[in-house]
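Two complexes are shown next, each including chain A; its partner changes from chain B in the first to chain C in the second.
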Partner chain A sequence: MAKQIRVQSELVPAYAVIRLSGFLNIFAEEEIEGEVNRLLELHCPLLLLDFSQVEHIDSAGITILVGVAAKVGDAQARLGAYGLSPHYQKIFHMVGLDDYIAVGEERESLLARLQSSD
Partner chain B sequence: MAILMAQPAASSLEERWGTVELVLPGDIELEAVAVQAAGAVAAQAGFPPERVEDVKTAVGEAFINAVEHGNRGRADRQVTLRFHRQGNTLRVDVFDCGKGFDLNRLEAPHLRPKIEGRESRRGWGLFLMRHLADHLEVSRCTSGGSCVSLTIVSRPSSLDR
Partner chain C sequence: MRGESPPAQQALENLSETAARLSACKDRESIARELLQAAGELFGVKAGAIYVPRDAPARLWERVGSLGEPAPAAMALPEETLRALPEDWSQTGSAQRLLAGTVNPSTGQSLAKLFEPFHGGLVIPLAAAERLEALLLLGPLAESSWREGEWHGGLAALAQQGAMALYSVRLASELQALREELDRKILQLLTLFEVGREIHSFAHWELLTKNILYTAMGNLGIREGALLAPQRPGEPLRIWHSRGMPMGRLAEDFHLPAQDPLVKHLGKVRRALERGAVEQSFPHNRVLKLAFEVLLPGISSHGVEFVLLLGHKLSGKPLSPDELEYLMILCGQAAVVFENQELVRRSIERERLAAVGQALAGLSHDFRGILQGFDGASRHLGKLLERVREGRSIDAAKLDKWWGLLCSSERRLTDLVQDILEYSKPREPVREACSINALIEELVRQRREELARRKIHLELDLAPSLPPVEADTTRLYRVLANLFDNACDAVSAGTGRIEVRTRMQPDAVTVEVKDNGVGIAPENLPRLFDPLFTTKKGSEGTGFGLANVKKIVEEHRGHIEISSQAGRGSVFRIAIPLEAASRGLEAAARRDKKNEKA
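Moving on, here comes the complex of A and B:
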């Protein structure tokens, strides 16, 4: 049985948090994209991805995140990520994802930074 | 499903398990097994935590490449991961049943055109292997199949300091 992602989200008026846990790989695509689409259809202006329970991100997971960044940008919403381990912060920077996804150590400080730049 | 073999015991840690081999069915659902085995071997070899993570990611990508491209998704074809430890270096050979590929003919991916939808969003596996390993090579096996070899040196990264 493959390790699979679990996706849960919390929507407040100003933003939504998508909590990911497990393996972010090819099996996660449908669930993550479905949740992002749902939140964007609700006109959520800011999506935060919580990676604190993510065990592993592979190249297919990077591909999913590239798609999410594109979709959020097209919807003129903003995207942030927190809870990334130092290893995945390094990979985000290596790939260039941190040019499209604001990365913070934890939720409150990231939220404060994104909301102060409004 | 998986066979894990270590060389016979000897006096030093390095001699005790100079080589560890894991044979898996070529099933993408076993990616986690390859990743976790790679992490366990690197940690046992004394790699610092961030280099253990580099090993896990690079070996996971080599496994995915072997399954998807080498074995063309056929789960009845095996993927063999062979870990060789020598001093502060870990070499991981990942064998599949394919014909291999020319590393020099594969271009580095660029994010902007992928974000803008002007090219496929895929293509990060080799990029990750190249950036996380100290050396990467692809070879054909005389007995058939091909091998992706990753060499990773155990050194503290900036993230471990």
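Moving on, here comes the complex of A and C:
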């Protein structure tokens, strides 16, 4: 049985939080992209990915995030991520993903940073 | 260079403070700022700039800081000018000579005019550990700054401090880059390990190909990619997956024949090809319609299994030779998986064909045996009928014999068809409360004559308190009959002995059928429950009996065990789980209650 991801989102007027839990791998594509598409269709200007419950991200998972970042950028919205372990923060930096996704330690500070840069 | 102030002691103190500030700097820009500020304060210069080499050998220089009017952002210095950088840089006017040869690296036009503020000033090489870190350009020094002879030492000390600070920052940056490179290598190694471990578990072709593409892209932060592969070896390569790569209608129509010169070339060179190389060698190839930067073949011993097309990295930097090498290893590993999958697929197909062939051969044999029975019986019955028509007498025993053969052939045909249907259709048991003991007693009643005729001794040991089980009565009877008949077939007339035992176990109701017959050869045990496998001679067995027994027992969530010794007999033991048995009790209770009400 392939290890799966669970995606839940919380929509507030100014932004949406997408909570991911489990394994971010090839099997996560539909779930994550489906949720991101749904929120973008609602014209959500800022999407925050909560990685605090994510157990593992593999290379295929990074590719999915690259696609999500491109999609969010195309929709003129912004993307942030928090709850990433130092290991995955380093990987985001190594592949250049942190140039497209604003990375913060936790939700409030990231939100404050993103909202202050408006 | 004569003057009254500042006193030497004060200047040294200032230099010492500058050194402390420089050592705290984390980048070249802040070092440049500190250095130029110190030069302005200590030597009264009005114009200053610091340039660092952009390439090696240092022909191109970029400005990292300036004082006063900004100097050009970048400059190109002829190598000979650099070589001519006077060893005694303290010769005033050196700047004018050196800067006269500078040009704008973009336009090639002379920058000499823009460096006019530095005429009469100095160009000071900032070197540490025998490497030129930067050039410090200063305009004319203020006359009153230092006493004669002292300014040279002060400026040399400042330059040395700046060079050391720049050297430290560069070293730290190189160390950081090395560390990041090491991290990247570790990540790549981990990915290769991960791929080696997990990619084999992707039995599904779609997922396997997608995972290869996504792994390659994700590991290096690549935005666009596609994977081309043939559906079967030798067929054209088509786009199986693409991500981030604009495709339009191409996705459906695109194909590269297996004999395409580019595919053949990739199979030959076994390395990555950059777009430029493809454009040069295969200018009309249709792959150029796709927006890729590099092509990577996945090659197995069969040739090109797939081609990976990759676009730009998120960082915008091109893939380095190291990264291409890593990707080739990844592709090589994936190609082996492709090859293995094809071997497995062929092997399964061969086994399936062999199994179908075996099944058809077995069935043909069974049907032929039955048809022979029909044929023999009908021919002889025809002859007898002929005699009747001719008004001649017939032998009643012969009529019985051939009629009997016709009937038994018909029964065997019915049994065989029923067995095939039973095996081929998965079905949920129609559950009702039934007593296994009662089923066994009924079975024995049916077989009593046969047992007596063959002088087979039967011993029944039925547990008196066995609860009814919730089961499909008809099919459970079929199981018991099959095991019982097999035992009868296995034992010899006269000495044969069969024991049937039922027991209530903690978690199941068990039935055991034991015989002292021929037993089963160890090599036949693993195939005993395979359909069409039979050890019975001639056309006695259909080969579906035990296959159906196992199927029915498992449909009741039970299991079957067998122990056997060739020449000494066999024991078949079936168990119906207690869960089913207890539900049987409840079902019986419900039925009793219903009966009472009725």
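Rule of thumb we're sticking to: the second predicted complex is superposed on the first by the 118 of 118 C-alpha atoms of A that agree within 3 Å, B and C clash if a C-alpha of one lies under 4 Å from a C-alpha of the other, contacts with A are read in each partner's own complex, and residues count from 1 in each chain.
To be clear about the criterion, a residue touches a chain if its C-beta (ideal position, glycine included) is under 8 Å from a C-beta of that chain, and two chains touch if they have at least 3 such contacts.
Please read these numbers as outputs of a predicted model, since none were measured by experiment.
Aligned on chain A, chain B and chain C: do they clash or fit?
Here the two partners, once superposed via chain A, clash with each other.
Between chain B and chain C, whom does A:V12 touch in the aligned arrangement: first, second, both, or neither?
neither
Just chain B (first), just chain C (second), both, or neither: which does A:D99 touch?
both
Report for A:P86: first if it touches chain B alone, second if chain C alone, otherwise both or neither.
Touch status of A:P86: first partner only.
After superposition on the shared chain, which partner residues are touched by A:L42: those of chain B (first), chain C (second), both, or neither?
neither
Of the two partners chain B and chain C, which one touches more residues belonging to chain A?
Of chain B and chain C, more residues of chain A lie in contact with B.
Quick check for you: in the superposed arrangement, does A:D58 touch first (chain B), second (chain C), both or neither?
It touches chain B and chain C both.
Return first, second, both or neither, reflecting whether A:I26 touches chain B, chain C, both chains, or no partner chain.
In the superposition, A:I26 contacts both chain B and chain C.
Report for A:A70: first if it touches chain B alone, second if chain C alone, otherwise both or neither.
So A:A70 meets both chain B and chain C here.
Determine, for the stretches 21-29, 183-191 or 507-515 of chain C, which one clashes with chain B when the structures are superposed.
183-191
Indicate the residue numbers of chain A shared between its chain B interface and its chain C interface, in ascending order.
26, 58-60, 62-63, 66-67, 70, 90-91, 94-97, 99-100
So in the complex, which bits of chain A are touching chain B?
Where chain A meets chain B, its residues are 1-3, 23, 25-26, 56, 58-60, 62-63, 66-67, 69-70, 73, 85-87, 90-91, 94-97, 99-100.
Using the touch definition from the top, list the residues of chain C that touch chain A in their complex.
180, 183-184, 187, 191, 194, 207, 210-211, 213-223, 225, 243-244, 313-315
In the complex of these two chains, what residues of chain B are touching chain A?
Of all residues in chain B, those touching chain A are 28-32, 35, 50, 53-54, 56-57, 60-61, 64, 111-112, 114-117, 121-125, 127-128, 131, 159.
Which residues, counting only chain A, touch chain C once they are in their complex?
26, 58-64, 66-67, 70, 90-91, 94-97, 99-100
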